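Pasting a structure below so you can have a look.
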């Protein structure tokens, strides 16, 4: 969490991007100089299916205000089926977080192909705005990790 | 003896909270009782006991010991110890009151546990005599009189009034602090209540359970007993018995990396867990049998061996009602007992 | 203790203009384990790489973090540099501070802060990197070509030429594909059969080539260098080894009313048939849907006339399992179905034909022996209208969004051939654009217009209405004249869009290769790796990858062959070391990982273990074949006990990155 | 060129005129082609250029039968008939620009007039 | 029933079909019954019990027991057979080493519910026409039978045995239970209300691991929460996050594998309704991917180990129900 005094709330957002589509899409956004907020910090994973729910919870524990998971479009997975598993896993995880009363808009899955630099930037802009509206993550935060 | 009418209890609690933090057992929605910090309007629970014992106040489940702050390659050690606030635990039963004596033998013996000592010194234990013991009670087995609980001060109820007496200086100070609300009372009805309770205690199903077969000198008799196998085979290896037990005092020390530093904390551990006593070379107690045996041998043999015959159990009965598979110290004692 | 070196690249001003690179290097130098932190103008240049190499040697580094462009760009560069300096290449991590930082942010302060965080994450990860060694797996020296059209034939011939065994699997009774059906080829107008059939014969006679005609792929297992393929040889009810191709049976067969696929159903064949005279293999096939013997049990004439005794009505489908090192997909194309285009009256009027049907109508081996006659009344057409882009460049559900690429040229060819052979015929071509990039292509089209007087009209046919007098009313717009035309044509020829063969999609699933939404196989890189699929060891040849004409197909076929040969000459291939591995002590043997593995890389073994309680037990544990695993990580999440982990992207590494970012 | 009008036509038609690849199939298929001064493909192109007023002043906007042949056959899903309709609406929306009075219609009827033309005439010639 | 079971056990032991019997052993009071392995007829005669309090699911013990020498007789209630099947599917039990006798199930009673009525000093419990006559030190008390029924039995999903070698008594059917009512009720709350509900529940957690250790789906050789290398190892509920994390991850790990046997809630010393987390997953799986009952068979793929190309997108969660 980065709170600059007299400035609006700046959320910390972790984006997990699959190496083959979304990470390349993020690169393309960069190549095309498509701006998106510096709140987004990308972690590269081989496939969206590598993302364990544990990682997402971990990010929230450590003070992330939003977590977005990006992968290849269904049917385009470099590993054929990885993102289909991701989709089921994340559906259930998000549903559970929602069930526990965690703000549902702190999590998101988006499919971004290597060619969709513009979509990547737009998605990140939109998601950052959504998380900004929610304010700091308090319901799924580990107080021990909060910075004094 | 000094007394206060039971319907004026809230006044009493308000008076206590004027100077100290007060914890009392209250009923939860699910029917169980737990200690909570007193807030106006709270009602004292009539339950015999809380799910978690009163040991939490002196030996909490997790306790931060020290912090390390990391900045790049530098590490700074931060002593986070603070003087504890004065507090009162009200309504402690005789069994839990005795458990503090047992914990004291562990934590206040050299080397003294300063975290525990700090809390112990600032806490006043006000006990409450039992009137409706349950079938799971067997405090008598360990020489505890449920109608005369220990503690810094003790309370007794005759159904109308609450009588209070001090057992020591701290207890007297406590009574002094609330003396404005107290008046002298006639104890005739109280004595009647207490003797009735004593009669019930004698009739409890476990009233005849005896420690005669156990003690510090019984290591050889029981360590290799063939009973351990069948006793432990259904044990799930969970920590329920340990965590609800008022006398279990084992803990683990762990580091938690907060990202910008380390919080070193201790937390309850259970000898029933597979990683209990795990060391660099591995774990000396490899099977659940050995871990199960450790817990009961500790309470019935090792602890008395090191503490002048005092057993590591107070007969509160929590493990009897909470063990998921209903295996408990009573079943162990009965199985091992030499008749 | 870790000894990590951090190298921050300026990338000229690409990074340095937005990020205070000195500050990044300075801040990261204070991270635990970092003992050297430098910045340099171009880290990927030779001198930049030398900086890294020298630091590795000088400081005896155990890990390297390069803050630069995307790892997709230069991860390999720096890994190689590290390897040459004696550091395991997998101890290098890249922090992407160009594409994902300097290029998208404008504010120097916040971009620098983000770059530092990305750098810290990379440092945190490299702390946990383990040296990895790539394993090797042997290469089976045999290739499989799926599809026996010109693409498949050319690929097979080129691979055979290099001395490797190659099998062609063709689903039809003969190889040859679409090219065998084509009459003449543009822009040279030579006869397709004349140039194709020698290649077919060459393929059948080449000692390295085995042709499995009338066969399909039923299963593919394995991975690059080591595929195991099951080929289903469909029963043709004729013993291939005995049949001499004399054709007596086809003559004597009493069932002669079978639509002839080879001639696009414009004439009939017998129930036992050889698709065309130059078929390879020249072997008869019985069509069980029409054969009287097969349907009623009465007939058996072919069996009686066959002196070779090749007829076998009881023949069963046969399955052959074969190992291959490389697979080339050459499944080709088909014209799309025009049923949905009511406005062109294709289903209502026999004289509205597709271009491929016209090829057969004009071919000497076609239904009319090479004389162009209307299918309806066998008269000479005197006015022919060609309609371009039927189903191509369509944004609707009926057609295809892409340009089919070959139609402009073959239509010019058709128009020219008709005008050449029947000068009394008027030919109209309705076009949206005429697309003729290619050697001698535009000249060819201009010849059709200038020399042969083909009427090219810019506009589209809106409606085709068969009239009772046998003429066809073609209503179209002439955009340049700004008028609506009505042409009373004798024939209408539709340039139907082409689409990948229907067998491609299930095949792609078996091969675990990617396809685009149009079912064309996706190449590994649209520019730099056009004949490889993203799945290692699978190559693409011909129109299965996208619309192509013959010269392009042949060129790509040879390119795919070259790539396949490049793989087959190796005795073994280096595997990706970033693969999953199972901690056997923690594995429960529950099979979750096996169920989600797309590659079948996980098997279970029963293994003896010393259990924590001093007993010895045989436990079922997962075992990953590192040569098969591609490293997606699906199994790591499916595993509830966390026994499965991924090299290079381990749980602890990703968690370390998360922690560093959220610090 | 009137930008507002173009906006209005694009909005009310919901058509993306940029999808047009100028194949002319709409005009090739249009049964009213010969009646029109500006043909379906020209409508699309002129709207793209913003030349709306010319179209609004042309009788062509009343010649479209809304048979939707162009919509059905357009390979790019451009839907020219909707553009024509939108231009017509733009004209109709201007006060006093009624193309004709319904009372006039009976005398205009003849046997050759398609019924659809009558129905559409009622629907769109007045507000 | 108890008599028939004892006879069956003695018969199978004497015939040599099995060499051990897993069942339930009488305790000190009416309700403190312990799962136990019996090795001979005398032991069985002496202390084998099957009554209203024998709720414990013994199938998890068979993970270990089925790997010992000889065949073991297991008496399985309908709900236990689902757990057993699931364990076979996951290769945790050696089927050949278990002889299953299916027995009628609940409803079983919950001593905690009797005690929650303020009834204490319980010496004996009798069921007379669905009224419980409870003999206590303080005299006889009564309460309606159904008010003392275990939560898991009150929303029983099936009376059918999905696997057995033989049955004692009739087999039942799967039931159209009301088990998702509470999940639905929570779903219809606002996010803040849900958050408050779960905080009030999960903050009671003492991380005794009883829920995990009793769970037939939790048979990992080493649990991630006990593994210092997993990154989420922790022994204590040190922070509200830890409490949430433990239960989310645990529910996720058993998602699609949990048969909804209800043991987690039964054994929780703090009465946390943990089964609601599992049921939430079951309900979601049913809604999103079609009806699925873990343990019903041994061949079907777990919902998280398969997919359909037209599965709903994860963001469906953002669009449905109450925010």
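Quick notes on this structure:
Chains here go by letter, A, B, C, D and E, matching the order in which they are written, and residues are numbered from 1 within each.
Throughout what follows, a contact is a pair of C-beta atoms (placed from the backbone, for glycine too) under 8 Å apart; a residue touches a chain by one contact, two chains touch by 3 or more.
It should be emphasised that the depicted structure is a prediction, and the values quoted were computed from it without experimental measurement.
Under the contact definition stated at the top, the chains bordering both subunit B and subunit D are C.
Looking at subunit C and subunit D, not one chain touches each of them.
In this assembly, the chain whose C-alpha centre lies farthest from subunit C is B. Central chain assignment: A. Criterion: smallest distance from chain C-alpha mean to the mean of all protein C-alpha atoms. For subunit D, the chain with the farthest CA centroid is B. The distance from the centre of subunit A to the centre of subunit B, with each centre set as the mean of the Cα atoms, comes to 46 Å. Mean C-alpha position of subunit B lies 72 Å from that of subunit C.
With centres taken as mean Cα positions, subunit E sits 52 Å from subunit C. Rounded to whole angstrom units, the spacing between the C-alpha centres of subunit A and subunit C is 33. In subunit B, the positions touching at least two other chains are 256, 259-260, 274.
Along subunit A, residues 53-54, 58, 62-63, 81, 85, 89, 142, 144-145 each make contact with two or more other chains.
Subunit C has residues 596, 638, 651, 655, 659, 662-663 in contact with two or more other chains.
Chain pairs recorded as touching, per the definition above, are A-B, A-C, A-E, B-C, B-E, C-D, C-E.
Subunit B meets subunit E in the complex at residues 30-32, 34, 46, 48, 51-52, 61-62, 132-136, 200, 203-206, 230, 233-234, 236-240, 242-244, 252, 254, 256, 265, 267-270, 273-275, 320-322, 324-328, 330-331, 334.
The touching residues of subunit A, when paired with subunit E in their complex, are 53-54, 57-58, 60-61, 74-75, 81, 84-105, 107-109, 139-144.
By the touch criterion given at the top, residues 70, 72-73, 257, 259-260, 274, 283, 286-288 of subunit B touch subunit C in their complex.
The part of subunit D that touches subunit C in the complex is made up of residues 19, 21-30, 33-34, 39, 41-42, 69, 73-77.
By the touch rule above, subunit B contacts subunit A in their complex via residues 256, 258-260, 263.
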